[in-house]
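See below for the structure under consideration.
Order as written gives the chain letters A, B and C; numbering starts at 1 within each chain.
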Amino acid sequence: MANVKINLLINKPKYSAHIEESNSRIFTTGEVITEQKDFMRGHGTYLEDGFIKSSVVGVAKQINKLISVVPLKSKYVGEIGDVIVGRVTEISKKRWKIDTNSRLDSVLLISSINLPGGELRRRNAEDEQSMRKLLQEEDLLSAEVQNVYTDGSLSLHTRSLKYGKLSQGILISVSPSLIKRRKNHFHNLPCGISVIIGNNGYIWVAPIVNVEEQGGGFAQCLDPVSKGDRETIVRVKNCIQALSACYVMIYDTSIMYAYEESMKYDVKELLNQDTMYEVGFNAKQRILQLE
Amino acid sequence: MAYNPLSEAEKIFILHGVQDDFRNDGRTRNDFRPMELQTNVIASASGSARFCIANSDILVGIKPEIDIPSPNKPNEGKIEFLVDCSANALLDFEGRGGEELASEITNCLKLTYSSPYAFDLKSLCILPKFQCWKLYVDILILQCAGNLYDAISLAVKCALYNLRIPRVTSALLDGGNVDLVLSDDPSDCDRINAESLPILMTVCKIGDYCIVDPSIDEENCSTSSAVVGVSGNKITTIKTISGGSFHADTLNNLIDLTITTAKYLNEKLLKSLKQEERQMESNKIQKCSFLN
Amino acid sequence: MPFDTKRINGPDNTFSYRQFIDADKDEKNKKEFTGKRNDNRELLDHRKIAVQLNAITKAKGSCYIENGNTKIICGVFELREIAKSSRYNDKGQLYCDFKYAPFSRETRKSVTENEEKSLAMSIKLALESLVCLHEFPNYQIDVFIMVLEDDGAVLSTAVMAAGMAFVDASISCFDIITSSTIAFIDGIMVVDPTSEEEDIANSTNPPENHGTITISSLNSMDQISQVIFNGFIEPQLLKDAKKQLLEINKVHEIYLKKVVSMKIIKEHRET
């Protein structure tokens, strides 16, 4: 039988009550952040009358003398060494254009990938012509930020076996400010699946594949994923969406906590807003206890 | 329809998921995403409703106006649907982008409400040949996350359930002019029997199976899809809405699937509508803003 | 009613005198279905169709088709490249324009522009699975269809006309598309209805189980490329109608194939 659930909006609980007092100061637009003059202004700020003022609503971040304001919702601002997940939007001469959730499309040069058939092989004209065979429009890939150009656009590279084209799985898009920067963004979770938490807010959930077998990172496995793996993947996906709905930082531990909290529910029950919030908040509580 | 890029491997993952009866959000093939409804949301409309399927968010307002019946249908009222795909819902709708989809949905609603067994226009007639009600059903798409047809038809049904037409106490013909007397009491009004109003249901074919309530990603990887209008245990419309073809036997499966699912959906919907009505009567609910 | 400025429009605010004849009639005198058809056909018989290819000289391919009194002319024009400003399409795009001639029905211009657009959309969807669109990346193919006279089963006749025009234009297709219509009056199947029968099936007080269904199919693979039904009906009756329609489509297919091969043979002899 079909599963139909219709809720009444008049009975919808108000989740805003759950927001606890934050201990960090929130700056609103136009507010003076500091009156001292010896600071440098970073992202999300502007200079007026010699004061640094906030141009977005968010929390102020200070690195040495640089002050910036980080908003809750933002496009991804790349940094060298970040792990990202992106989607090919266009193929042009010697390069792929990649959507990485940043303001401008990023580029992946053909010279910054490992060509199939050995790392030391020389690149030839044939490779340029068969670029579409390696990565097509709309294909997904994982990569690392190699360089940031002056206009903020990124150049990527996949010169490691862990990077490359992504095969079967689910992509989830969350706000980049929810991604916790860590040493490792590739995780094989204890529940038996792998996640790539891109710094750009794109998260890839997929079955575990053996890296050595992938050979150059452009091969794809299109065999059906086993039902058990699929269930876990979808559960993790729903958990990540729950975390994102509750504004919990997303990293391997928080995902695992949410996953454990979700076990008492069916996977499809996690689509309901109340279950979703419950899982998210429980995971948050456990993270707070940890700290 | 909304466009969302998907790589080949992602499409295959979705396809195998449909085969395994375990879709990308954990639903089985004939499960719906959670839905939310509220009626009487707009004070200036005589009937209104807001209906959401996941993030597809539809707002409907109905206004009855007095019109002259068309000469070849002297004892019938009129109903007109108008869908507005606002660019807020989807950037593709910007400019004239949403026009084609809007007129498709409008036509589909018109077809499915055209049979007198589905919706009786005679009840909207005030004085044959001279005066009738014309219902303007204005539909606004606030957000789009796939499956617009279902969401819109359900929203329209809720709004018609909520509709209150002022009661005409007397209608007299006075030397070619019509004299209408409407009831002074605002609570004295006519309502429409919403029970058998048709609902539309989108069915997408992915691989060898049909699914209901497709998400945007599923819409993008289906080979063909159709909208079926169901009223009670009868069918009011079938319309293919995408370019692909399907095997002749699939049509039978599609009909069986929609008849059983729509019946269940309709029961649930009416139950929720009645429950809401009871709740509204028993205690005044305070709203902080109408979208929340 | 939307106003088409591209055509000469008649005066506003006029009514056809026929509308008043119908309105004044008693309920008893209303058109009623007696079980016998005006043109002495059996209920399950379809009308004879006549097809002429290459009917418009300026078009790449064209077709004139008569189904009883329903007359439709269709032209397919040369491929055009889609302007660079829009998104790149790896498949060809169809543009379908469908118009009723103002005098094609009993009352002048009784079909609104919206209805024309919706029919155009249905024809376009039917043709999308017929034409090998992957062979024409980033191209647009224009199809223009004009109904000269409407005596029922317009959609199905138009789909066949467009399909044959594609064949005539030598644009690659997967199959030959065939299409037919059934009207239900009080649960009785009436194959290939005339406009009068269609009116009864969708009139203001139809008997229960009424409506019209059109199915377009590609017969070599048993594929249905387009279905449109409106009315109010028992599901089982629709399934029966589907079976009947697919059989009629197979008969049409044989005839259409003959027309195409005859044309080739004729041209071959002439050269």
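By definition in this document, contacts are C-beta pairs under 8 Å (C-beta built on N, C-alpha and C of every residue); 3 or more make two chains touch, one makes a residue touch a chain.
If you're wondering where the values come from, they're calculated on a predicted model, not measured in any experiment.
S.K.: Farthest chain from subunit A, going by the mean of C-alpha atoms per chain?
M.R.: Result for the farthest chain: C.
S.K.: Could you name the chain whose CA centroid falls nearest to the centroid of all protein CA atoms?
M.R.: Closest chain centre to the overall C-alpha centroid: B.
S.K.: Can you check how far apart subunit A and subunit C are, centre to centre, with Cα atoms defining each centre and the answer in Å?
M.R.: Averaging C-alpha atoms per chain gives centres 51 Å apart.
S.K.: From the mean C-alpha coordinate of subunit A to that of subunit B, what's the distance rounded to whole Å?
M.R.: Each chain's C-alpha centroid was found; their separation is 36 Å.
S.K.: Counting only Cα atoms for the centres, state how far subunit B is from subunit C in Å.
M.R.: 28
S.K.: What residues of subunit C sit close enough to touch subunit B in their complex?
M.R.: Answer in residue numbers: 15, 19-20, 22-23, 114-115, 117-118, 121-122, 124-126, 128-129, 202, 204-206, 208-211, 213, 217-218, 221-235, 238-239, 242, 246.
S.K.: Residues of subunit B touching subunit A in their complex?
M.R.: Residues of subunit B touching subunit A: 5-10, 12-13, 16-17, 19-20, 22-28, 30-38, 50, 54, 212, 260-261, 264-265, 268-269, 272, 275-276, 279-280, 285, 287, 292.
S.K.: Could you pull out which subunit B residues touch subunit C in their complex?
M.R.: Interface residues on subunit B, with respect to subunit C: 71-74, 76, 100, 103-104, 106-107, 111-112, 114-118, 129, 224, 226, 229, 231, 233-252, 255-256, 259.
S.K.: Mind pulling up the subunit A residues that touch subunit B in the complex?
M.R.: Touching subunit B from subunit A are residues 1-12, 14, 87, 89, 136-140, 166-171, 220, 222, 224-225, 227, 230-231, 234-235, 237-238, 266-268, 270-273.
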